[in-house]
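For reference, the structure is listed below as structure tokens.
Going by the order they are written in, the chains are A, B, C and D; count residues from 1 in each one.
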Amino acid sequence: MEALDEIKVRIEAAIPGARLEIIPNPGPANQSSLLLDHAHASTVARFLRDDPALRLDYCSNVTGVDWLERTVKKKVKVKKVVEGEEKELEETREEIFSGYLEAVYHLYSMAHKHGPLVVRLRTRDRAEGAHLPSLTPVWRSAEFQEREIYDLYGIHFDGHPDLRRILMWDEFTDHPMRKDYREPDDYEYEPTPHDDVLEKAKQHYVPRPAQDGTANIAAQ
Amino acid sequence: MPDPYFFLVIFGAVAFVFPVMPLALAWLWRRFFQPPKPGAGKNATYECGVESLGEAQIQFHSHYYLYAIIFLIFDVEAIFLVPFAVAFTGLPFGAFIAILVFLLLLLEGLVWAWGKGCLSWVK
Amino acid sequence: MSLSTRAQHSAVEAPPGMPSRLDGELLEVSMGPQHPSTHGVFRMNVALEGEVVRRLKPVFGYLHRNHEKIGENTSYLGSMPYTDRLDYICSMSNNWGYALSVEKLAGIEVPERAEYLRVILAELTRLVNHASLLGFLLSDMGAWGTPLMYAFRERENILDLFESLSGSRMMCDYMRFGGCRCDLPPGWMERARKVVDGFPHFLDEFEQLITGNEILIARTQEVGKLSAELAISAGITGPGLRASGVNYDLRKVDGYGFYPRFKFRVPLGEHGDCYDRLMMRVLELRETLGILRQAMDDLPAGPIMNPKVKIRAFKPPVGEAYGRIEAPKGELGFYLISDGSGNPYRYRVRPPSLINLTVLEDMCLGHTVADVMVILGSIDIVMGEVDR
Amino acid sequence: MASAPPIDEGLRSELQKQGIWVTSMQELYNWGRRNSIWPLQFGLACCAIEMIATAASRYDLARFGGEVFRPSPRQADLMIVAGTVTKKMAPQIVRLYNQMPDPKYVISMGACAISGGPFKQGYNVLKGIDRYIPVDVYIPGCPPRPEALLHAFMELQRKIDGQKLTGTGKAAFLDKTVPSEFPVPAFGAHDLEPPANADVFHPPKIERH
């Protein structure tokens, strides 16, 4: 299979107006990925599937990823005038990356037996903007996996034939795989509670009568 | 000498007591030892652990009715053959012809139904 | 009465708007979570017209044990015992899939002896899985229990090998990143060779019983046909895909774990029906025995663990990786995103069983209820992997 | 009906030597119940495979009379909860338990069925089936070996053997006041409602002294 940037060039040639971006993968696995924009996602997908050189007809894996708000501290060299003379100053500047949800597609070709090509789709934000174009019409194998991402992450796939919850029960309202999901506290008997389990267990302990003035367990 | 048909009475009595006795025991057991505990959940229809929705008595395809009728005919035929089979050795040749006619009549009915397509399963 | 009246008989058209008097209504029935032949807690909402399936909606989630959420809260090594419980019939190949992905993520080399051990144990797991499938599929078809007893007799022999090697029958947790946990106990290889040499006897017995059996042929041929294009588009992998004639076996395509060194063939089917899927497993068993003999003959000596890899405080570099292996049920993949810390940022399992069920409805439409069980049995699912 | 005094063992063995066999209805009844327990065919996860291996030829559950696995709860005496009980599956399990005729027993097989086991931190995992239905025998293990399941069978048979038919401490299924049905939990927006059945689930109270 050709290198990712060659593929990017060919796609941009074939589909004018497609805004593609290569996301480098720093790890030794060197599987860099291709970020698509929402409007041209399905046309690019069809191109990847039908292009005779690529023929990526097998979508092996669709994964949902939740990226929270991140504040990244950066060391920035700033020229500042201090007491009348130029000086190079180290300044840490905080940069806030807004959170988003992401669907990652791993595409392989059964005809040419090559791959993977990693394609990413990102939502605008993590709240009501969590919408993505569904690629199930292009690859039928994405059907259950996109339903699972909708169930566990809350990304609404527009154009999906049958978008329902697949793993949790239908009356469930949360999206449990998100990083900020707090599961319900169904009381568990904890003989030796420690750190965050201790907080949970405290609500169920009968407070010990303070005999000789020792602190109550809650204040432990 | 007791009445020659007396054994029928004994036979009838045993035939009656044999099934009734366990039922009576079960009733006694229910009455004195194990009180029944029926309930809405227990009496609900079992459908693989899920609440059963919709009702089961629905209109079936008419084909099942045809199949049932054909089966019924041959079932009744088998009942008629039983006394014939029991007395088969002592019967004259005429009886054999009579039962053959009976069999062939029903066979002809089967061939007609087959030809008419009642047996071919509608997909 | 001539036979031509047959055409009119079935052509009795009901007046428009009135349901045609002859066909029945649809009966909604749920082949629910507790069902003798759904291989675990799998539910199908089936709409039946008489006996013929008109609609079939699978329902999952009854065994959703949050494997991925727990994977994000434990260390990389901590998830290894959980992979045994993914597809709880083939724990060794799950371990290998996870170990392969983490080695790809962190760029770890595996010594030769460990790679050979992994091939031997994964192929032994394939024997267990395909033998169990033959037993379960035949008991779904009505031969209740007897073939299952023979299949489980073979499975017990192999589980004894796993137990003497890894300490546990089903949950081996044997592989580590960069090799295997412990070397073979003395006498293990002789016992393994004896089991592998005894297996063809079981296979011949089975083939003699089932291959020419006309009940089996009547029940499985032309049932649940799957075309090659639909199989590829729906992401079906493993024996189900090869039964439709697509030559795609990860052992040949990816060539991981020294498989190119072994000579073995990949069986292909033509019709893609239940009979082909069943025969795929039988033929693959023969090929697996061939691989096992070759791997056992030239098992090299040497270390079984890459000394440079830290087991406890294992922190792979930032990045992501998707590794996949040819598990007995299909392509088992692990997608890991690492942010440099001890726990994976995202831990995703690509379950072959769940995706092989994508076209269950397409295969079952038009068949009778009894065939649905045969089709589901031939797809070979395990709920621990479907619901994760 | 005061429970009859137990038979004097010395007298019984003495009579036995003379070829007279003495028993009581309770022993006969319990002997019959104990040696023909029909389990419900109902596997959830990995423990189910170990349960099948127990019923297979090597470990052979038939030696204890338990090899007849009935698919329908109407014909089963024993429910072996083998595997992880998820919150989506819990209402189905309680409904199946309700639909089983009395006398019915529950074996909670495996760490998951006892307390959630290795999947305890899962949001969809019920921390043990004894939150909704009474459990007779617990077998720890993940999965418990087939011998452990056979041991659980023996344990259950000992319990059945000790059941009294009359008197105050008689068996639960004979007592009119003991309920044989338990409310089926409903699916809520965040969790099952109620999260545990109060009169069945008695978590240990902890007072720290």
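Points to keep in mind about this one:
Here is the rule we use: contacts are C-beta pairs under 8 Å (C-beta built on N, C-alpha and C of every residue); 3 or more make two chains touch, one makes a residue touch a chain.
Computed from a predicted model, the values in this text were never measured in an experiment.
Chains making contact with chain B as well as with chain D: C.
Compared with chain D, the chain whose C-alpha mean position is the greatest distance off is A. Distance from the chain A centre to the chain D centre is 44 Å, each centre being the mean of its Cα atoms.
Here the spacing of chain A and chain C, counted between their Cα centres, is 28 Å. With centres defined as mean CA coordinates, chain B is found 64 Å away from chain A.
One inter-chain figure worth recording: chain C and chain D are separated by 32 Å, centre to centre, where each centre is the mean of the chain's CA atoms. Counting partner chains per residue, chain B has residues 48-50 touching two or more of them. For chain C, the set of residues that touch two or more other chains comprises 32-35, 61, 64, 66, 69, 387. Among the residues of chain D, those in touch with two or more other chains are 88, 92, 96, 121, 123-124.
Contact between chains, per the stated criterion, is found for A-C, A-D, B-C, B-D, C-D.
Of all the residues in chain D, the ones that touch chain A in their complex are 87-88, 115-116, 120-121, 123-124, 126-127, 187-191, 195-196, 203-209.
Across the interface of their complex, chain B is touched by residues 3, 5-6, 9-10, 21-35, 43, 49-50, 52, 366 of chain C. Listed in rising order, the residues of chain C touching chain D in the complex are 32-36, 40-41, 61-67, 69-70, 73, 81-82, 85, 88-89, 148-149, 152-153, 155-156, 169-171, 383-384, 387.
Of all the residues in chain A, the ones that touch chain C in their complex are 25-29, 31, 57-61, 63, 65, 104, 106, 110, 113, 116, 118, 139-145, 165-169, 176-177. Residue ranges on chain A touching chain D, taken from their complex, read 167-174, 176, 181, 183-184, 186-189, 204-206, 208, 217.
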